[in-house]
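Next up: the structures, one after another.
One chain, chain A, links the two complexes that follow: it is found with chain B in the first and with chain C in the second.
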Partner chain A sequence: MFGVRSATVRFGHTLALDDVTVEVPGGSVVAVVGGDGAGKSTLLRALAGEVPLDGGTIEAPPKQRLGYLPASAGSWAALTVKQNIDFVAGIYGLAGEELTARRAELLDRASLTPAAGRLAARLSGGMRRKLGFIMAIVHRPALLILDEPSTGVDPVSRIDLWRLVSEAAASGAAVLMSTTYLDEAERAAQLVVLDSGRILVQGSYDQVRAGFAGVITRTGDPVRAEWAWRRGRVRHEYWPGAGPPPGTTVVAPDLEDIVIALSLVRRNEGSS
Partner chain B sequence: MIVKEFRELVRDRRTLGMLVVMPLLLLVIFGYAANFYVSSLKTAVVGPQASQVAKMLPSLFDVTVTEPSGTQADAETLLQDNKVDVAFVTGQTPALALVNGSNLFAAQSAVAALNKAGNKVKTQVLYNPGLKTSWVMIPAIIGLILTFIGTIVTSLGMVREREAGTLEQLAVMPIKPSQVILGKIAPYFLVASVDMIIVTVLAIVLFGVPFNGNPLAFALGAGIFLFVVLGLGVFISTISQTAGQAIQTAFFFLLPQILLSGMIFPLEAMAAGIRWIGYLLPLTYFIMISRGIMLRGEPIAALWLPFLVLTVMAVVIFTGATLRFRRDLAPGRPASPARKQPAAAETVGTA
Partner chain C sequence: MTAVQLRAKHVTRRFGAFTAVDDVSMQVQPGEVVGLLGANGAGKTTLIRMLLGLIAVTSGSVELLGGPPDRERRRRLGYVPQGLGLYGDLTVRENLSFSARAYGAAEPVLPPALTAHADVLARELPLGVQRQMAFLAALAHSPEVLVLDEPTSGVDVLASAALWDTIRTQAEHGAGVLVTTHYMQEAQQCDRLLLMSNGQLVAQGSEADIVGSTTAVAVHTSDWAQAFAALNAAGAPVMLEGRAIRVANASPAELQEVLNAAGIEATMQPVPATIEERMLVLARAANAS
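What follows is the complex of A and B.
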């Protein structure tokens, strides 16, 4: 079991992580969600050893068994797809036939075989993220850390990426990934919802939904604007305590509703 | 739009610094340092009438060595070791004035003054008989090329790694920071070395620049100098987040080296308040070595000072820069007790 316990990280006067405990079991995907500045990347980078902790502990494998896809491109633009994979594989000690077979397998799974000779700079955004993913798992890591692997990626490539992530977890890797796509996060075995460096809620999607208190209604004209948000063409409104007024339509909350509602509670508590 | 531009400018400290400091720097440099006329020439007088001749010389000739028992060979040694600009050999008629042609502007001043003496003095220019500008510029340009590759190209290569996020990726891989630094620097070291050989050979072939000294001593000096400028390049990369910032910062390091190293304006012609800056710059010492070895055939023992200064600079700058870069690569304090490995190894399939 990998993870962080009571992790605290400060950047100057900013508390980026505040007493955060996250466990990442082998063979499962833990998704970290939250708004901008919530602390997602800091959590991932702390576990990867990129950010020192000001408090708490980290349990992580040695670098040899760690795979990391940063939020940026994560590949060398002036190298071809094949050269990128070979360079990283070489650092992990993969060579010869083992490397050839592993490279072919991963390129095939990521549908990148036709682009093997193409420069990384000439790849589309989705292809570049898939290449970054291949580079992160080429050595079969025990812990795979993916910082927003699908951000800015087209829907088809997102499906491909998610399939690759699932396959990695199915073969035993502990996967910790951050994402801004809540529909994607719902598929993870465990969810961690962060806001301003603190955990708002944690557990499986079912547990998070079951533990959610309050009611969400659908409305065209919210009663309290500070508790409402837009969902498509309508607005949703959160009623944390007492029930909604009669005549309003109650909706079953999805993860997006839950994350927004909990963030509003935190924000409105902070401002009151 | 104007307000927005000003707001951005105020927050971009580096550009602001450049806009404020650069005009002042250029004003000071061109005001006090941009001077081709050398008004004082270090002079030696040797031979039986050395004392009498020394007293008769005009004030342009600052006699630092008077050696009545000295010979022409002693005078040539003083010139070769760059201890003097002019050496008078007395005891012959007319007296012989040997001029150090590797210090071009000092030599031009000396020759102009000696020509006024007519037949009383026979003038002989050593190491650059034709007083060709290319002969003194090319040994300096070799240093400038090494500086360019070492600072701008190296810092860009390093910063590009940071911009692409691949530095972050390297930091979590099982590769030692020293290996990353070596891997990043070695290609630039090799490219700069090849460039240096090509430029030196072309200088000899195309411009007839002599190579009178020991090539191995020259290579050693260039190697040490390369470590200094590569160190500067690594240092610049550690204080720059983008390629634009790296170029701006490298420019700050490059400009004083071009103007104050003695490459264009002679150090001895600069005001004392500016000249000391030149003595802080690595290119100054490389130029001493390259001109000394190429033009004057100076032995390494006579160049011990520039070799020593460059070696100290190389150790301090390269070590400091690589330590800073190392800190960028390993910020997570992996040896910290906060970071543990699980007792039981995880089993992983074929992800």
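What follows is the complex of A and C.
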């Protein structure tokens, strides 16, 4: 079992990770969601050994059994798709027929075979992220760490990437990925919601829904504005403790509702 | 009653032999939030550039606020591009002051969330704050129509809810809003959706209208890894969902056959398809043709 236990990371006065424990079992996808500055990248980089911890422990395989796709680039713009793959494969000692077979297999799975000779600089955003994914997985790592593989990528490439991630998990890898898309978190075996360096909630989507306390109502005119948010033409309002007033319409919360409600608890009660 | 705020009538745009937008008709009414969906290269950006008068139509016609999209009418428009259009080397206050003057509007009052950053350079701020700033800049001149490119991409859910509150408030005051998005949570905030594929408008209406006749099957099995590998190898558009497998536009009988051949026991359950699955099916059809 890979993961971090009670991990704390400080950058100067900023607490980037605050006592975070996340387990990443083999054969499953763990998705980390949160906005800009929530601590997603710090968590991933800590597990990848790219950022030292100020507290806590890490359980990760040695470097040669670890694959890491950083949030930026992940490939060399002036090299072709094939050259990028071969370069990284070379670092792991993959060569000859073994490399040829592995490269062909990965290009085919990512639908990049027709682009093998193209410079990485000339790829679309979605193709470039798929290339980065191939480079992270070329040596069949036991732990795969993907920093926002799908941000800004069009929906069809996003589904492609999700299929590639699923394949990695199906073949036994432990996958930890960050995303800004809640639907990807819903699809993962386990999800972790980070907010300002702390875990708001984690578990499978079913566990998160089952463990959610309080009631969410749908209203045109919220009773307490600081506990309400927009959903289309109407608003949703969260009642953390006692039930809502009679006559209100209760809704079954989705992940977006749950994450907003828990964030509001931190904002409205955490600061006092 | 105000006129339709954005309208395209049988609009086509060619670049050489390539048809980027192909006979598209659409409109945005006052007070309406319309979501424009499509994969990369579907023609969304080209359509918007024509609606805003930034490039010419090859045939058909466009209207912005009841007339041709000229400089005068563009003054009454608020536009937030995906790149946000801010000046990284200017502070928050300087950015807002610059855009207010460009539109001949009064300088906007900074909301509490931005006051703390008033004298910070735009490029040094987190993305969520930059987005808030871009919205404020685009709204300072009380535009009658808003065009937003992926307005909440990359920001946390609370910041996203706050941005949607701003968008909705504008719509309640009569602004028509056109939102391009890749993001299904954003699509669900819209009143009406348009789906483009290969330059054409292929569906419009509610989420159900966009999904149309696309179907999906959820495959439940104790051995999901083996089942996933078998279906994937058979070329099915598979997707992992927790410990279940989703397959778009497949017949349960065909899937059962593949799994039987691999010696895997599974149950099949038809489930509603998603907008993304419709897009995937469209993309596969386009690649096959």
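What we mean here is this: the second predicted complex is superposed on the first by the 269 of 272 C-alpha atoms of A that agree within 3 Å, B and C clash if a C-alpha of one lies under 4 Å from a C-alpha of the other, contacts with A are read in each partner's own complex, and residues count from 1 in each chain.
Here is the rule we go by: a contact is a pair of C-beta atoms (placed from the backbone, for glycine too) under 8 Å apart; a residue touches a chain by one contact, two chains touch by 3 or more.
Since the structure is predicted, the reported quantities are computational estimates derived from the model, not experimental observations.
Undergrad: Tell me the contact category for A:171 with respect to chain B and chain C: first, second, both or neither.
TA: both
Undergrad: Touch check for A:259: first (chain B), second (chain C), both, or neither?
TA: second
Undergrad: Classify the contacts of A:125 with the two partner chains as first (chain B alone), second (chain C alone), both, or neither.
TA: Once the two structures are laid over each other on A, A:125 reaches chain C alone.
Undergrad: Of the partners chain B and chain C, which touch A:140 in the superposed model: first, second, both, neither?
TA: Touch status of A:140: first partner only.
Undergrad: After the superposition on A, what does A:187 contact: first (chain B), second (chain C), both or neither?
TA: A:187: touches chain C, not chain B.
Undergrad: Under the stated touch criterion, which partner chain does A:156 make contact with: chain B (first), chain C (second), both, or neither?
TA: second
Undergrad: Taking the superposition as given, does A:91 touch the first partner, chain B, the second, chain C, both, or neither?
TA: first
Undergrad: Contact-wise, after the overlay, does A:240 reach chain B, chain C, both or neither (first, second, both, neither)?
TA: After superposing on A, A:240 lies clear of both chain B and chain C.
Undergrad: Please identify the positions on chain A that touch both chain B and chain C, taking each partner from its own complex.
TA: Correct list for chain A: 167, 169-172.
Undergrad: Report the residues of chain B in contact with chain A in the complex, numbered from low to high.
TA: Residues of chain B touching chain A: 163-166, 168-169, 171-175, 331-334, 336, 338-342, 345-351.
Undergrad: Looking at the complex, which residues from chain A come into contact with chain B?
TA: Those residues of chain A that touch chain B are 1-2, 26, 45-46, 48-53, 56-66, 68-77, 88, 91-92, 135, 137, 140-144, 167-174.
Undergrad: List the residues on chain A that touch chain C in their complex, please.
TA: 27, 29, 34-38, 124-126, 151-159, 162-163, 165-167, 169-172, 180-183, 186-189, 195, 204-206, 229-233, 256, 259-260, 263-264, 267
Undergrad: Which positions of chain C touch chain A when the two form their complex?
TA: The touching residues are 37, 39-40, 126-128, 153-161, 164-165, 168, 182-185, 188-191, 224-225, 228-229, 232, 237-243, 274-277, 279-280, 283.
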